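Labels for the chains are A, B and C, by order of writing; each one numbers its residues from 1.
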Amino acid sequence: MIEMKNVSKWYGTFQVLKNCTTRVDKGEVVVVCGPSGSGKSTLIKTVNALEPFQQGEITVEGISVGAPGTDLPKLRSRIGMVFQNFELFPHMKIVDNINLAQIKVLGRTADAATAKSMALLKRVGLDAHAQKHPGQLSGGQQQRVAIARALAMDPIAMLFDEPTSALDPEMINEVLDVMTELAREGMTMMVVTHEMGFASRVAHRVVFMDAGEIVEDAKKEDFFGKPRSERAQHFLSKILHH
Amino acid sequence: MDFSFLNQPAFSGGGVYLDWVISGIKWTLLVSILGWIIAFSVGSVLGVLRTVPVAWLRVPATMYVELFRNVPLLVQMFIWYFVVPEIVPQALGDWLKTKMPMPEFWNAVLCLGFYTASRVAEQVRSGIQSIPKGQTNAALAMGLTLPQAYRHVLLPMSYRIIIPPMTTEFLTIFKNSSVALTIGVLELTAQARQISEYTFRTFEIFIIATVIYALITLTVTFSMRWLENKTRVPGYIGGAGK
Amino acid sequence: MFTGFDFEVIQKSLPYLWEGMQFSLGLTLLAMLGGIFLGTLLALMRLSSFKMLSYPAGAYVNLVRSIPLILVIFWFYFLIPLAMKKITGNPYASGIGPFYSALIAFTMFEAAYYCEIIRAGIQSVPRGQVSAAYALGLNYRQATTLVILPQAFRNMIPILLTTSIILFQDTSLVYVVGLTDFMGAAGKIARRDGRLVEMYLFAALVYFLICYSGSTFVRRLQARYNVGR
């Protein structure tokens, strides 16, 4: 479904992505991990062209992301994305946050959009908060709304960019639970995260990045069982023993 | 202090000096408000253009702002009034010089409007730039086009954030409207001076003008504070910290 | 329609324009120094816990900031001769000359604006710094002059300079009392020789070059400050 071939990206002379090649198949959950500054957030943002790249090729269901003629809004509307800082729109009520793109991009009627939004809010357990503004919700609640907002577009795949990094520890699980359930239902997911527990329970494959390179791209069992590279071993020992 | 001169017949115009004061207030408000309509609309467009990722739109907007900000208002007033009719095509120049109704008034409105637009543009730009990049990313990621992202996400928040500095800018154009007296608009300051010359009640009439300016300033300040409270987003605590 | 831009009229009037420019620059510089000094005093008064100090300072600043500069200039041109008569006791005392009248008007006007900038600057210095200064045994004056103001001014230099560039533009308004600053000089020649187009465009160009260089310099300064933090 998502295929990346030799993707490279520079900021000026600094190379942030070096020949990255990987893929996410339909129904697969791929966790991308690595130390901070390793380029994992940049990598996931190239998938829906929020970050342009200079070399290589990315296709989503056969459509080239980097090609000049690609209808990016249409492509993006089919891929859901969840951000580290939630990025709900503070001036809109919760339900309007979820309605916005359904109405403006998919052309749904206000009634149809609201029905869908309310159903999704119920699913993430927040239907009682539909008329509030984002600032009145906790971080964990906001992130669950953000997931509902992405799901409202009936996406073919979901991108998660460190969805729990900005959360207080006690709120991390409510978000991970929603993600786990999504994965069980067969959603195609690419997840940048430090939550190795989530990775070992839910992921099919793990991609390990360091200094802009994909160092390891392995089945979950292989990655946690016997990581080949020294860098991955070092990373795992640090993250698991603290 | 003796304010009885206000009821004395004025030197010209048939009324009493109080009528001169009221006429001065009228022209001050007319110049300020019409100028502000130009400043707000032109400034908003320029401010947005200064933030778009398209160089051929951004560069001319930047040049406009730099040009109008770095030449004194008085000089601009004289250029609109004395120079522009000479350097535009002859037919238009003749019309400006002989047929245009109330040339002093309209030149003052245009001058103040286009001058203040450069200051409004800076406020709009900094308002947009104070919104975290993630908000734009989130809007684009759900398939909105860039104009839609401005319309539904960036501008509604920016305009709320910049209500206080925009109030200052309106008060600036209101006070700057007195510069119109240099090309012959009989606004409040001009009337105050004129009345002082005819009645020698300088102290009294200056006090009256000062109190009127202060009262209008107070009224505007409090109405805008009311507007700020009315449009406040529940639970939102500024853009800081992200 | 206007034809034939006459450069000669500008060239011939350069010495006279330069005199006007010296007036403008001198007025700007002195009003800036006076305004910042007075503005600092006003800011300290506004921040004082004595209402006897903070209320009058607040009233002055808010009043001056709500009226046009031109009206302020008229006010002082009216008040200064009256004050001179009172002070000297001579009913025929004529004032202090146009330059000093303008200087006083601009200083008093700008002080209100500088005051608000300086007040914000002082408030931007963390409370902990004040506590630390007192904990070391410094008194109010020492804490203010040695610890608070130096930090506050360092943060404020860019915006103080920006305000001063606007002050330089504002000095052109001495036109309303007939003084010969740079703009006044340009205007007088423009009307004498009937060359309004040349003189006003030339004046605009000169103001633009000075103010643009000034604001570019401030931007550079600001960028360097931000790196240093």
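Just so it is clear, a contact is a pair of C-beta atoms (placed from the backbone, for glycine too) under 8 Å apart; a residue touches a chain by one contact, two chains touch by 3 or more.
Quantities reported herein were computed from a predicted structural model and do not represent experimental measurements.
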How many hops, at fewest, get you from chain A to chain C via touching chains? 2
Using CA atoms only, can you tell me which chain is the most central one in this structure? B
Whole-Å separation of chain centres (CA-atom averages), chain A against chain C: 54
Between chain A and chain B, what is the gap in Å from one C-alpha centre to the other? 46
Between the Cα centroids of chain B and chain C the separation in whole angstrom comes to 22
Within their complex, state which residues of chain B touch chain A. 132, 134-135, 137-145, 148, 152-153, 156-157, 160, 233-237, 242
Chain B partner, complex, touching residues on chain A are 45, 48, 50, 72-74, 76-81, 83-85, 87-91, 100-101, 104-106, 132-137, 146, 149-150, 153, 159
Please give the residue numbers of chain C that touch chain B in the complex, ascending. 1-2, 63, 66-71, 74-75, 78, 169-170, 172-173, 175-176, 183, 187, 190, 196-197, 200-201, 203-204, 207-208, 211-212, 215
Help me check something: in the complex, which residues belonging to chain B touch chain C? 66-67, 69-76, 78-79, 82-83, 86-90, 93, 171, 175-179, 181-182, 189, 192-193, 196, 202-203, 206, 209-210, 213-214, 217-218
